[in-house]
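Below: a set of structures, written as C-alpha cells.
The same subunit A turns up in both complexes below, where it pairs with subunit B and then with subunit C.
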Partner chain A sequence: MQIITSFPLVKIFIILLSAFSMPLIHNRRHIKIISIIFLSFSLTLSLITLNYVFRNGAFYFNAGYPDTFLGIQLYIGPVETLLSSVLEFVILVVVWFSAFSIDEEIRQNRIKFFYILIHLLTASILGIIYTNDIFNGYVFIEVAALASCGIIVIKEKKENIKAATKYIIMSTIGSGLLLMGIAFIYSYTGHLNMDLIHLEILEGYDDYFKSLLIIVALYTAGLGVKSAMFPLHIWLPDAHSSAPTASSALLSGVVLKGFAYFLIKFMDRMLGFEIINQLNILPIILILGSSGMIFGSLSAIFQKNIKRLIAYSSVAQMGYIFLAIGLGSPFGAVIAVYHMMGHAVTKSALFLCSGLMIEKTGKNEISNYRGLGFEMPITFILFTLGALSMVGIPILPGFISKWYLSIESIQLGKFLLIFVILLSSLLNAVYYFPIIINGFFGIENLENRVYKSKRAPYEKLAPIIVLITAMLVLGIFSKDVLDFLITGINAL
Partner chain B sequence: MTLLNNYYESASIILFGIGLATLMLNRNLIKKIIGMNIMDTSIFLFLVAKGYITGRKAPIITTGFEGIDAYVNPIPSALILTGIVVAVSVTAFLLALTVKIYEAYGTVDLEIILNLKGDAYADNNKLPLG
Partner chain C sequence: MNDTILKQVVKIIAPCIQLFGIYVILYGHISPGGGFAGGTIIAASFILQHITFGKAYADSLLNEGRALKLISISLIAYGVLKAYSFFGDYFDLPHTPTGIPGNIFSGGFILPLNILIGIIVTSTIYILYSLFSNE
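What follows is the complex of A and B.
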C-alpha cells in the first residue's frame, strides 16, 4: 500500500497540471468537463487516503530526499485528510454548479481563466492543509491569495476591481507579516520542518519567550488578515459579495478555512498547546473571536444586499473558529476544525441559493424577496435549512459546534463565553429569520404570487441539494467525525 | 550594544516598519506597491543576513570539497529566491489591477475610490456584456 502515501502529492500535481493544460483547449464545454473529471478524480484519491488514514493512522510523505529532514515533507493525519476531503467535495460541487451558471455572470472568453484559477486555488488549499514545511505553506498561501483575487476580479465590474484591490492590499500586509514570522522562526530554530521546529522550541523556550511572543503575534496577525479575524475583516464583505456566485461560495466556504487551518497547525503542531498557553496571545484571539461573532452579526442585521449579509455572517462564523482556537485546548482545535467543515458546506450552499435568488428576481436587495418562498419553494427550503444550521438548530452542524464550544468553555471555567455564544446565535436568528418568514408567510407578502413561477432549474438545484445533504450527514454523524478528529489533534 | 552589532537585522526591521507604514497609510496605490516591495526586501535582507557567516563561501563546489565549515547554509538564499518570485508576481498582479482601477475610476487614490460607492453599486446591477 505504499502508493497510497503518495496520493496527496499526486493530487496537487494533477490539479496543477490540468490547470496548465487548460489554455490549450478552446471549447468551453470541454474545459468544464475536464475540470469536473479531474476534481472528482482527486476527490476519489482523497477518499482512498481518508480510508487509509482511518485504518493505519497518520503518515509522512517526503517529497524530496526520503528518510531525511531535507526537502519538503507532507504530513497527512486524520484532520488533514478529513478536512481536505470535505473542502475538495465543496469545490467539486461548486464547480458543478458553476458549469451551469458561470456563463451568465462573466464574459465568455474569461471562462477558461475561471477554471484555471479554481484549479490553482484547489491545489494551493490542498498544499496548505497537507504541508509540514512552513515556507512551502507560505508559497501555497500566496498562490491561494492571488488565485482568489483572480476569481473576484474576473467579473470585471468597477466594484469587483475595487474589492479585489482592497483584498490584495490587505492580503499583502498579511503575507509580509507572515514571512517575517517565518524568517524569525527560521533564524531562531534553524529549521523549516514543523516537527523539527517543535523539538527545537521544546528544548529551551524559557530563554526565548519574547522572540516566541513576537513570532506568534506575527503569525496570528498575518493569518488573521487572510482569514478575516474580526478587526481585519474589512476586505471580506466587498470581496465576497461582489464576486460571481460560484466564486463567493468558494471564497467563503473554502479559502478562509485553509488559512485558518494553517494557524491551527502552527499552534498545535509547531508550538504545542502547552507552550502557547503560557504566552498571552490566546486571550487576545479569544476576545477578537468573540467580538467578531457579535459585530459580524450586528453588521449583518443592517445589510440590504443578500450577498453582503451572508458575507458578514461569514465574519461571525470565522469568529466562532477563532473563539475555538482561543480556548487553547486540543478539543477547542477539534471544534474549530469541525466548525470549518460545517461552515464550508453550509455557507457555500447559502451563497449558491442566494445566487439563484438574485438570478431569478434580478435584484439583490432583501426587500425584494417577500413571498419568494412561494415562487421558488425548493431554493427557499434549502436556504432555510442552511440558515437554521447557522442559527444553531439541533442535529445541524452549527448547533453541534456551538454545543461543544459551550461545554468546553464551561470545562475551562470561562462561563462568560456561553453568553457570547448565545447572544451571537440570537443575532444570527435576527438576520436570517426575517428573510425566511417574509419569504414563506404573510398574506400581504403572498398576494399576486404564482406558485413555483420562479422555479430554479433542477440542474442548478441539484448541487445545492447535495451540499445540504452533506451538511445533514455531517450533523448526524458528528460524534464519529469528532472522535476521528480528536485522534488527529493529539497525535503530536 | 547588541543593536549596533546586529546592524543588518536592525536595518531590516526599520525598513520593514517603513514598508509596512507606507503600505498601510499611503493613499496612492503606486506608493502602496512601493511600500510592499520595501517590506518584502527588508525580509530578504533579514534572512540573507542571518544566513551569511563571515569568511565562508557559497556552497558551490568547483575545485574540491573543503569540509562543512568552509561553506554557508544555502537554504536562506533559496528561500529568498522563492520569496522574490512571490513578491514579483504579487507586484505584477497589483500593477495590473492598478491599470484597471485607473481605467475604471480615473484615479489611483484609494481614498477617493473607496468613497465612490454610489455609481459602482448601480453599475453592478447591470447584466454583463456578452
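What follows is the complex of A and C.
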C-alpha cells in the first residue's frame, strides 16, 4: 500500500515529462492521443488515491530529505484528492473536446505547443492543490500563470495578444504580492512548511498581530488578482472571451479554482480559522465576494458577446467562493470547495456549448441565437441545464451551494447575506434565461427555421454530455460529497 | 557583414568561447559557474556566428527545430534523473556514487544535471535571439 502514497508526485512527473515529448512527435493526431492517454492515466491514479484516502485518511509524501523539514512535502487529504480528481476529469474532457475542435481555431504548427501548455497547466494545478510547502506552491502558481497566458495567446489574433498582456501584467502584480507575503511569513516563522508555520504561529501570535494582518492582506490580494476577486477581475472577461474555446473552458473551470484553493489552504492549514477570525480581513473578503456576485452579474446582463457573458458570470461565481471563504467557518470553506467543483464542471460545459454555437452560426453576438434551440436542440438543452445550475434550480450543484451558504450565514447570524445570494440568483436568471427563451420559444423566432439544421456532430457533443452528467451526479450525491469534504477541512 | 577581419577573428574566437562555456558547465559543481552561466556563454558564440556569417550558416549549426528537440530531450532526461532522486529516497533505490570531493566526477547527479541545463539554456537563448533577429 505504500506505493499509493507516491501517486500524487508520480502524476505530476508523468504529466510534466509527457509534455516535453510532444515536440518530438510530428503527427498531430498522435500528439492528441498521447495527451489523452497520459491524462486518463493520471485520472486513474487520482481515483485510486481518492479510494485510498477514503479508507485510510489523509497522508503526507516527502519528496527529498525525508525526516527533516528541508524537503518538499505534499499533503493529500480528502479535499485535495476529491478536488484534484474533479479538476483532472474536467481537463481530460476538455482535452477530448479540443481534439476535435482545436484544428479549426489555431494554426497547425501551434497544436503541439497547445498540448504542452495544457500539460504544464494540469501539472501545476495539481501541484498547487497538493503542496504543503508555500514556496513550492508559489513556483507552481507562476508556472500556471505563464501557461494560462500561453493558451490565451496561442490564437495569435490582436485581441488575444492584448488580453494576454493585460493578464500577464495583472498576474505578475499578484505574484509579487504573494511572494512578499511568503517572504514576510518566512522571516516571521522561519519555515516554509505549512504545518510547521502553523505550529510556529500558534505560539504567541498575539505579539505579531500587525505582521500577521499584513501577511493575510498580501496573500488575499495576491491570490485575489489571480482568481478574479471582484475589483481585481478586470483581466478576466477579455482573457476568457478571446481565447480558443477549449482554453476558455480550462481557464474558467480549472485555473481560477487552483488559486482560490491555495487561499483556502492558507487560511485553513496555515493560520487556522480561530486566528483568522480575530483579524479584520474576513469581512473585507465577504464584502468583496458579495459585490463580485452582484456586479459580475450586472455586468453580464449588458454583454452582447456570449463568451464575455459567460466570463462575467465566472466573476459572479468566484464571488460565491469568496463569500463562502469570508464566512470564516470550516463549513464555509467546505461549501467553497463544493462550489469550486460544481462550477468547474458546469462552467466548462457552458463554454464548450458556446463554442459550438459560435462555430455553427459563425457569430458570437447573442442576438443571433434566436431560434437556435430549434436548429441545434441537443447543444441548447445542455446549455440550458448548465444555466439552470448557475441560476440555482434544486438538485443541481449551483442550488446546493447556495442553499448551504444561506443556512451557514443564518447560523452565523449574517442575515443580510441571504438577500445578497437571492439577488445574485435572480440576476443570474436575468441574463441566462433570455438566451434560453429566445432560443426555444417565440413564433417570430422560430420562423423559417429547419429542425436540427445546425446540429453539432456527436463527437463534439459527447464531451459536453459527459460534463453535464458529472454535474448531475455531483448535485445528486451532494450530501456524501459534503460529508467527505468536511473531514478534510480543519483537520489539523 | 562582409568584413574579412571580422570573419577571421570570429573563426578563431568562436571555438574558444564554446570551449570556455563547456569548461564552465563541467566545473559548475566544484567552482563558480554551472549550467546556466555556461549555457549562455555557448549561446553567445552561436549568436556571434549568426551575426557574422548570416542566418543560413548559423542554421546549419543549430536551427530552431533542432534546438526545440534538444530542449525536449534534455528536459525529459532532467525530469527522469530528478524523479530518480525524489523516489529513490522513498523506495530505497541505490544511491548515486558521490566520488572524491574536488574531482569532476563527484556530487552525484549535479554534473549530468548541469550539462542538461547547459543544453537547455543554449538552445533557449539561441531561439530567443533568432525570434527577434529580422533577417
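Throughout what follows, the second predicted complex is superposed on the first by the 492 of 492 C-alpha atoms of A that agree within 3 Å, B and C clash if a C-alpha of one lies under 4 Å from a C-alpha of the other, contacts with A are read in each partner's own complex, and residues count from 1 in each chain.
Note that a contact is a pair of C-beta atoms (placed from the backbone, for glycine too) under 8 Å apart; a residue touches a chain by one contact, two chains touch by 3 or more.
Predicted model only: the values in this text are computed from it and were never measured.
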| item | value |
| --- | --- |
| Which of subunit B and subunit C A:A63 touches, first, second, both or neither | second |
| Partner chain in contact with A:L17 - subunit B first, subunit C second, else both or neither | second |
| Partner touching more residues of subunit A, whether subunit B or subunit C | B |
| First (subunit B), second (subunit C), both or neither touched by A:L9 | second |
| Partner chain in contact with A:R28 - subunit B first, subunit C second, else both or neither | neither |
| First, second, both or neither for A:K360, with subunit B first and subunit C second | neither |
| Partner chain(s) touched by A:K414 [first = subunit B, second = subunit C, both, neither] | neither |
| Which superposed partner A:R449 touches (first subunit B, second subunit C, both, neither) | neither |
| Partner chain in contact with A:E142 - subunit B first, subunit C second, else both or neither | first |
| Subunit C residues within the subunit A interface of the complex | 68-69, 71-73, 75-76, 79-80, 83, 85-87, 89-91 |
| Subunit B - residues contacting subunit A, complex | 16, 19-20, 23-24, 29, 32, 36, 39-40, 43, 46-47, 50, 75-76, 79, 82-83, 86, 89-90, 93-94, 97-98, 100-101, 104-105, 110, 113-114, 119-121, 123-125, 128-130 |
| Interfacial residue positions of subunit A with respect to subunit B in the complex | 104-108, 135, 138-139, 142, 146, 149, 153, 155-159, 161-162, 164-166, 168-169, 172-173, 175-177, 179-180, 183, 186-187, 192, 242, 363-364 |
| Subunit A residues touching subunit C - in the complex, by the definition given at the top | 6, 9-10, 13, 16-17, 20-24, 61-66 |
